[in-house]
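Please see the structure below; I have some questions.
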Amino acid sequence: MIHDWLKERSGRGAEVSGWRRSWPLAQAEFLTLFRSRWGVALFLLCLFPGLGRLVMLLIIFGVVNFGPVGLRARLQNRAEIPGLDPSRVDFYLEPVVSVMPGMVFFLLLTSLVVARTIARDRLANAMELYWTRGLSPLAYVACKWLGGWLVVASITVMVPLALWLTAGFLAEDWSLLATSAGGMARAAVGLVVVSAAWTGICLALSAICGSPNAAMVAWSMLLVGSSAVGVVLASALREPWLRSCLSLWEAGTVVVRAIAGVPQRGVSIPGACAMLAGCLIVTMLLARSRLRLEEALR
Amino acid sequence: MTSTAASSGLPDWILDCERISKWYGPISALTDVTLRVGREVVGLVGRSGAGKSTLMKLAVGLLRPSQGSIRVAGHPAGSRGARACSGLCPDTERLYDALSGVDFVAWMLRYHGLGHRECRERSAATLTELGLGEHMHRPIREYSKGMRQRVRLAQALAHRPRFALLDEPMTGLDPLARRELGERIRRLPEQGVGVLVSSHVLQELQGLVDRVVMLHQGRVLAEGTVAEIREQMPAAPHRVRIGAADPRRLAAELVHWPSVQGVRFGDSSVLELSVTGEPDFYIALTELGTRWPGGLREITPLDDDLASVFGYLLG
Amino acid sequence: MTTKPQGLGSLATIVESARQTWNLSRRDRLWWFVAAILVLVPALAFVLAGRAEDGLGGRGLFCLMAWWLHGTVIVPWLTLYLGVQAVHGRIEDRTFQYLFLRPVRKVALLAGNWIAVASMAGGTGVLGMGLLFGAVALRGDLWPDGIEWGLAGAFAVVAGAAAAAYAAVAVLFGAFFRRPLVWAAFFVVGVQMLAANLPVSAGLRRLTITDPLRRLLLDGIEPDRRLAQMLWPAERDFRPELIEHPLRDLLLLGGLCLVAAGMAYARTEYDSRERE
Amino acid sequence: MRIELEGVTIRYGERIAVSELSTSFPPGTVGLLGRNGAGKSSVLKALLGLVRPSAGRMWLVQDGRRQDFGTTRGRVGYMPERDAHLPAATGFEMVSLLGMLSGMPRRDAWRRAHEVLFLVGLEEQRYRAVAGYSAGMRQKAKLAAALVHDPGLLFLDEPTNGLDPQARADMLALVGRLARELGKSVVLSTHILQDVESVCDHVVVLEAGKVVVAGEVADLTESTGREYQLAVEPSDLELPASPAPGITVRREGPGQFTVGLVASMDTCALFAALRAAGGRVRSLAPRRRTLEQVFVTAVRRELPEARP
């Protein structure tokens, strides 16, 4: 018998239905970064702040001892400062939520990955392929969001958690893990929520802008610009809370800290929430008017 | 080689590529190509990667040849003089999408040193002539593929170039428009324009051009009219279909002819012959036609069109 | 042969190229975004200015916002983006084929691009600073010693100089690099931020745009120590004699960039680059 | 598998793109012709579920059963006209991902992706990035993507765009094979009538949202049996206008003649006249209507004001 496997359709699996159909798109979106050398290099670069903290941890717990004489002692002595005490949540949040290095690396990652993705698809007419398969624009954006967020979260959420677990293992007993577990769980939730919001805004800009370059610039301007405005106005007017309402970055970090239960002074939590949600809603609405089924076929 | 320019006494070819080669580093894209275009339409055919696009870029001066010289209407290719009198219809999709068709063409005309008003008038006239009259004030963003193609053609022809290079000019046009554009291209040599045109639709190209140049692996494999090229391929026997009453007796008669290499029965009353030694065969066939009972109803050469020639040479 | 016009003269080409680039760039969707920022920020400053209670005053408020917002965010990014789009955008989408076949000098086309980008971005910067100044000036209570109109002038000069210099850099990157915007980001975030942390006399500072701008501004507004500290937190010591010739430095940098860009752009072979 | 449209009307706001269109796409290859804006892409959008017709029904007829088309979306494979690809994917990833989005389980999608990439002839390049493909390879990748979920109806929009002559012939042969051997209904939307002539059995011509011609290609281009085309050499030859009773000769161009022939007549007198004039025959064939003539007459009839 001569087999023609093009015609033979044996052993076909059941048709996948519903949202599970779209899942591979999110997965592909996530994996894209790791398939090119540049992407992996970028990812490793973004791990640097976390690595810095790791070295600090190792020194504090005496696993390694290098650097100038007395470095360890100095670090241990500084443990009263909230940001440098491994038994407190701040220690793990700091590399992610600080302006330097947190924001810089976050900006690098998102502007090169998330901000380009939809604009790049548009240049390649990829929507024409996606949407003619029954994938709706909403599902498309949701998948891109999920995929992009997974990339972002693998830095912003996973790094603090990994650091915390490492610290738990390095510490003398399990009390470090036990006492900070609740705070860390809340911090993780906060990071998830906020990084999802940031990614969403970035993604919406990608859908609004005509080219990947424009999306990159718009996102950089929004994040850095709002940050600059917030810092300047807050310091000029001596109204520190303004910073959390005007700067997109600061608003996010304030929300993260609030959810994690870290005490903060001079911030406006409702203002920060309003800033984040407002930006997200406005950009998403604009994006919705740009992503239409009609785009698929002229 | 036939050319109207050569016979009209004008010394110049409009495009004159003299033994050009092009190297990208150690990679050879074109080798020793000589190509001349007078006031005529010359078709450029070849498989992708044969060097067609390199040759085109060289002809309009976007690239410089590694060896050899190219002159456009007497000016070295790439010089301002050459650029002033050549027009290119590239095969890229993109235009300035935010502009209207008439603005785009007028903008491009501006660089030829015409006044603003003249640019606009000429742009509108060219677009109208190409059948975009009613839509030329709409932004290009809203254009269909065929309309974009007309804009590309308009910017190539609006400054009345002496040498027009049309890369796949029919892309995206509907059959009606293809016909109109084909007629227009055919008329260009009358206005003193030399046209080099490429197309992958060989059946269509054949009706468009005076002669063709076939590129293969960076070299000119053949050039001339389709019939000329076909005649120079004696190794490939012609296939001719003959329809007549009583095909069996006809076959019995034809096998004895020295020029007939083989006879095959097609469906119904049709024979397919393999033939060498062309003129003799057709003279004999004409003679046969005067006396065959019931008459010969069909004589169709099956492989003397451009597509078959292309297939034989490059397939 | 009929006498045909041999193409547009170089000067007219520069004007025409600038006009076309201007015309194309103004349709970019990014302008809506920029316009929103230009309007929202002064409005914000106006509404909130009443809360400024200490000695900062209108002068400090305006200087801080103008420098931090326009000087370090809007003007650099907008200029780099516009310049990259004007030069590299046309190479990337292969529309350069329409242009390069025209009987004009390519360098003139490039010069036109530069003029258009510099004027657009400079104009936006000046407009933005003007709006901001207007908003702050409307709060009379912030200006106990009267409104200092000179400040607006100094910042307008800075905006213009910054746009011209950044446009030259953008044009160079656009003509030379395959991914110019990434290099531009590297220049702004990497080189300039790094240089800002170096000692005031470091040579690398000469290769940046922010440093001459800083000196230009120091010269123009003569801030007190506190304001200078707020504008340039990394500068510990500032002395008037370190100002030297900021405009000359900018001119040198911009000129070098433009010459290099012209050379890269005028290469006889400008084969289409692959789309990224 | 057969697609039937019944009174389909599609409107965008006020504009009516397709009005009361009733036609059917039988199994085999169907050429869908029409000028830009004639409504081809609107029909396509309706079939792909991107727009909902404001009136009319679409049916899928298979094994004598008639199903509403709305429930069978996954059975249409679409190959876009524009260059379209997934920017960061390899050929294999693009095809398999699109298969998964159409509802295939992962393993099936992977297996099928390999199969269809082999079928279209991309097996060598399937692990390379699509962004680096040549025009011809991208065209093949799009076709593979249209085939991956094994649809019964294939909608190919200008499939030979940008292909070199050899690749065009290969693509058309492949399209013919899909219909013949795999039993697909293939709708070929194109402007290149030669493609339709060489591969399609059936043709539908749209103009202004209505069907102006539909039928078998062979029927539409059938010869009248009365007129013949004669080509002779040398090309400057002159022939008498009526070499014999019942035969008329009209010169059309250099070496080209139209011969009118009463059906019962034989051609001997024609050949005799030709020999007498000192020429030789080059070709003689019954004049057929070309598809281009069919198209042009049909469309021109709809366009009384005829463009300049």
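Each chain carries a letter (A, B, C and D) given by its place in the written order, and its residues are counted from 1.
FYI, a residue touches a chain if its C-beta (ideal position, glycine included) is under 8 Å from a C-beta of that chain, and two chains touch if they have at least 3 such contacts.
What you are looking at is a predicted structure, and each value in this text was computed from that prediction instead of being measured.
**Student:** Taking a step as a move to a touching chain, how many steps at least join chain B to chain D?
**Tutor:** 1
**Student:** Based on CA centres, what chain would you say lies at the far end from chain C?
**Tutor:** D
**Student:** Centroid from C-alpha atoms only, then distance chain C to chain D, rounded to Å. What do you get?
**Tutor:** Once rounded, the distance between the two centres reads 54 Å.
**Student:** Taking each chain's centre as its mean C-alpha position, how far apart are chain A and chain D in Å?
**Tutor:** Their C-alpha centroids are separated by 49 Å.
**Student:** Give the residues of chain B touching no fewer than two other chains, as numbers and ranges.
**Tutor:** Each of 144 in chain B touches at least two other chains.
**Student:** Multi-chain contacts only, two chains or more: what residues does chain D have there?
**Tutor:** Correct list: 82-83, 131.
**Student:** Where in chain C do residues touch two or more of the other chains?
**Tutor:** Chain C, residues with two or more chain partners: 275.
**Student:** Given the complex with chain D, which residues does chain A contribute to the contact?
**Tutor:** 5-7, 9, 12-17, 21-22, 24-25, 28, 32, 35-36, 120-121, 123-126, 128-135, 293-294, 296-298
**Student:** Please give the residue numbers of chain D that touch chain B in the complex, ascending.
**Tutor:** These residues of chain D touch chain B: 33-37, 81-83, 134-136, 158, 160-169, 191-194, 233, 265-268, 270-272, 274-275, 279-286, 292, 295-296, 299-300, 307-308.
**Student:** With touch defined as at the start, can you tell me which chain A residues reach chain C in the complex?
**Tutor:** The contact residues of chain A facing chain C are 104, 108, 111-112, 123, 208-211, 213-214, 216-218, 220-222, 224-225, 228-229, 231-233, 235-239, 242, 246.
**Student:** Which residues of chain B touch chain C in their complex?
**Tutor:** Going by the criterion above, the answer is residues 57, 60-64, 73-74, 78, 80-81, 83-88, 90, 92, 94-96, 98-99, 107-108, 110-114, 155.
**Student:** Provide the residue numbers of chain C that touch chain B in the complex, in ascending order.
**Tutor:** Touching chain B from chain C are residues 1, 4-9, 12-13, 16, 20, 23-24, 27, 93-95, 97-105, 268-271.
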